[in-house]
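Labels for the chains are A, B and C, by order of writing; each one numbers its residues from 1.
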Amino acid sequence: MEFSVNQIAALLNGEVDGNGETIISGLGKIQEANSHQLSFLSNLKYEQHIYTTKAGAIMVSKSFVAEKPISATLIRVEDPYASFTALLEEYHKAVTFSKSGVEEPSYIGENSSVGTDIYRGAFSYIGKNVKIGNNVKIYSNAYVGDNCTVGDNTLIYAGSKLYEGSIIGSNCTIHAGAVIGSDGFGFAPQENGSYKAIPQMGHVILEDNVSIGANTVVDCATFHGDATLIKEGTKLDNLVQIAHNVKVGKNTVMAAQSGISGSTEIGDNCIFGGQSATVGHITIANKTTVAAKTGVPKSIKKEGQTIFGYIGFDIKKFLSSYALFKSLPDINQRLRELEKKG
Amino acid sequence: MEFSVNQIAALLNGEVDGNGETIISGLGKIQEANSHQLSFLSNLKYEQHIYTTKAGAIMVSKSFVAEKPISATLIRVEDPYASFTALLEEYHKAVTFSKSGVEEPSYIGENSSVGTDIYRGAFSYIGKNVKIGNNVKIYSNAYVGDNCTVGDNTLIYAGSKLYEGSIIGSNCTIHAGAVIGSDGFGFAPQENGSYKAIPQMGHVILEDNVSIGANTVVDCATFHGDATLIKEGTKLDNLVQIAHNVKVGKNTVMAAQSGISGSTEIGDNCIFGGQSATVGHITIANKTTVAAKTGVPKSIKKEGQTIFGYIGFDIKKFLSSYALFKSLPDINQRLRELEKKG
Amino acid sequence: MEFSVNQIAALLNGEVDGNGETIISGLGKIQEANSHQLSFLSNLKYEQHIYTTKAGAIMVSKSFVAEKPISATLIRVEDPYASFTALLEEYHKAVTFSKSGVEEPSYIGENSSVGTDIYRGAFSYIGKNVKIGNNVKIYSNAYVGDNCTVGDNTLIYAGSKLYEGSIIGSNCTIHAGAVIGSDGFGFAPQENGSYKAIPQMGHVILEDNVSIGANTVVDCATFHGDATLIKEGTKLDNLVQIAHNVKVGKNTVMAAQSGISGSTEIGDNCIFGGQSATVGHITIANKTTVAAKTGVPKSIKKEGQTIFGYIGFDIKKFLSSYALFKSLPDINQRLRELEKKG
């Protein structure tokens, strides 16, 4: 994509100072940008770079006064950093949603419908009775099972798999290799020591604006009609495990390799660190922070706490105990000395 | 699938009390079922619901006496809960194995054979010299490498990958994204600090009734002719790692994100909690329970123990130590006071 | 593949003692090999087996003197073990790179080029503007996004996914289900408690001789032009997480389920145990060993240390503390006794 400086300035309600016909095809840092890239100067600590930059154009504050000549065209805006961020997002969105059309061969089962501006990559699979919204991008080798629903503007990256009956909201992102709706790990022990699978007949619901990381797994609910539920705005990183019947609240973030055991309910605005985990059948209050590698052993009822530890508890208390754990050889020595005296 | 109440009653050896022509197409909870669903009343604590249920039919005990009028048709059976569970399983099995036929394009290499009632989803891949049994369901984008063998009634879900030479038993389930037979992590350090790959030429054997979770990985054995072995009835959850040359016994269950290091041998009827792990080259006795997040540092020789801890040991002893770990600030204070006195 | 004993002997600069026309089609252990397999006798502790072996041929030392008749043909070499290892590697390489040609249907986008001796499995996907070197093997259902580059002799196994713009060196191995270049987990908290995705516009570079395990994930860098970098010779096991902007040095090995948080830089010749992890934005010195399950909380500046622990520190100190942790009930008892006396 190429734009003239004049076009960009118009978009940002900015004023051009220099050659408005300069063609811009990308964004870059002021120190590294080339003559087809646009950069910005916000913090005047970096002012020196504007006199040597090779960028084609630079966004500066309306109040900026140059002390030396500048070769780049300037675009004067209210807030250069905010303008740059806005452009970056627009650019990213344009790139991310640039794919369209149907590459062949791809598969779509009977009674399935897709919206407008769809992309269906080669070897992507859509089962029967599937409803796909507008502007959905389904990459190569992705699998959307029978009876799934996918909302508008959702990205389903290469090789991700949605089991039958999954319901995916709008503006969701499902990264490569993620699995939605696999069987929960439910097995009933038999008298002879073997296990019998408990039928897992529920499904998964991802509400709007949910992001699922690469190779993350969300299991389906056990009962027909029930759902493992990830609420609006929640973001799961890569290689996360969400077991059957779990509910995760709104705007909760879970870092890589964390795992939530079956039937646990997690509140809104929680944060889980990498490799953290919870036992099953508990409730985690809103705004709980679970530090990396923590194991949560029981329900957290009070909002806003931070939990840390192998068997997690209050982070300050855990860190006090851990500091003394490191000092155990010293503590043991002190004890010995007292014993000698005694 | 639709059945009349009369058909279901005949199957369950039950007696119909009401309209036997009522059509049933699903199962539901007594509080939530609709007029095309069948439910059950077992525990009389829930009797109230039978007078208000919208279910088309309810299974009740032969001895049940209604206190008020009931709109649903009744099916009187010996044990309503057992009958419901049996129906649930039959229904689930029917749904699970409902796919059949070959969707195109799909790929099958030379000298490969498949049994009856096969399903081969679009973009599924079967290599050369592969033997697939009867009633095997291979979903879209699944990959079965050359020289693999797959037993009857095995489910190979979307995008799972079996490397060359894998041997899969009957009645196995391999969930989406699972990888069977990837190279073990074997590298010989060289004098210059680099590593040389040790050829991993063995394969993987899954015996009958084994279940492999989504995105779980089972590496192949190192030597040609040797196998990483998962014995009959064992169930692995999602995102589990089984390294090269590992043997896992019968009817062992391993929860999500657990990991077994190379050449370790695990007994029968063991239970591994989530995110647990073992070092390599050890032996774990039958009926060992390894709690969640535990690291097993050495062989467990006595059967029936439960191990817990970062470096795991007897669970009771670990919990005693951990309780005191939480009290370390108090212990330190008590020590200080004694020192003052001293 | 079949070779005569004479051909193998010529390759190894060995002398044939027996029938040089014996046909060999594989390698095996001396106790288990059949008449079409070649084995070796190096350690004379195992000499007894050479008199009973069913192997077609045995490599022995030039100085070996038999005490009884031997049915197998002998190949006399300088160092039988080294010769066997060399053959094993050659054989493995021949098997590993044996696939060639294009299976249909497979997909290749416009302006993309592939080298000689290529294998493109059925349902493999190559996007636009991709450059693939010579002797690259791309298995079924693998995905190579737009603008990727892949060096010579690289193996891309079934169902692995390379996002747009990934740069893969020569002699790399990417195992099944691995994901390279997925979005980093970057979300900016908004005032209303929701999160906004920070555009992840960088890419991933794997230098030469890098190995990526099955279902491992390497996220792309945040900024356009920046890369998450895995340097030459580094080997990642299965289910490993490498977050955005991470740099991993040369010849570092990371065992299964380990995870590196964003922007951390890891030195050369490091070793990470299974399920270990680091926080983000730190630096790990060359030759650091991080034991299994360890959490690294801060930069490691001195080379050659071994770190262990839930919040990791020097391994000797950690093990001293952990031994005393196990003795806490005893320590508590000793303290009580002093308190009683006091």
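Methods note: a residue touches a chain if its C-beta (ideal position, glycine included) is under 8 Å from a C-beta of that chain, and two chains touch if they have at least 3 such contacts.
Remember, it's a predicted structure, so these values are computed and weren't measured experimentally.
Leaving out only chain A, the chains are still linked to one another by touching in one piece.
In summary, the pair chain A and chain B forms a contact in which the copies contribute largely different residue numbers, shared numbers making up under half of all those used.
A separation of 28 Å divides the Cα centre of chain A from that of chain B.
Chain contacts: chain B has residues 105, 123, 141, 159, 177, 215, 239, 257, 275, 310, 325, 327, 331, 335, 338 touching two or more partner chains.
Those residues of chain C lying in contact with chain B across their complex are 26-29, 32, 88-89, 91-92, 95, 103, 105, 121-123, 139-141, 157-159, 173, 175-177, 209, 211, 213-215, 233, 235, 237-239, 250-251, 253, 255-257, 268-269, 274-275, 292-293, 309-310, 322, 325-329, 331-332, 335, 338-339, 342.
The touching residues of chain C, when paired with chain A in their complex, are 105, 107, 123, 125, 141, 143, 145, 159, 161, 163, 177, 179, 182-183, 185, 187, 193-195, 197, 199, 201, 215, 217, 219, 223-225, 239, 241, 243, 257, 259, 261, 275, 277, 279, 295, 310-311, 313, 317, 320-321, 324-325, 327, 331, 334-335, 338, 341.
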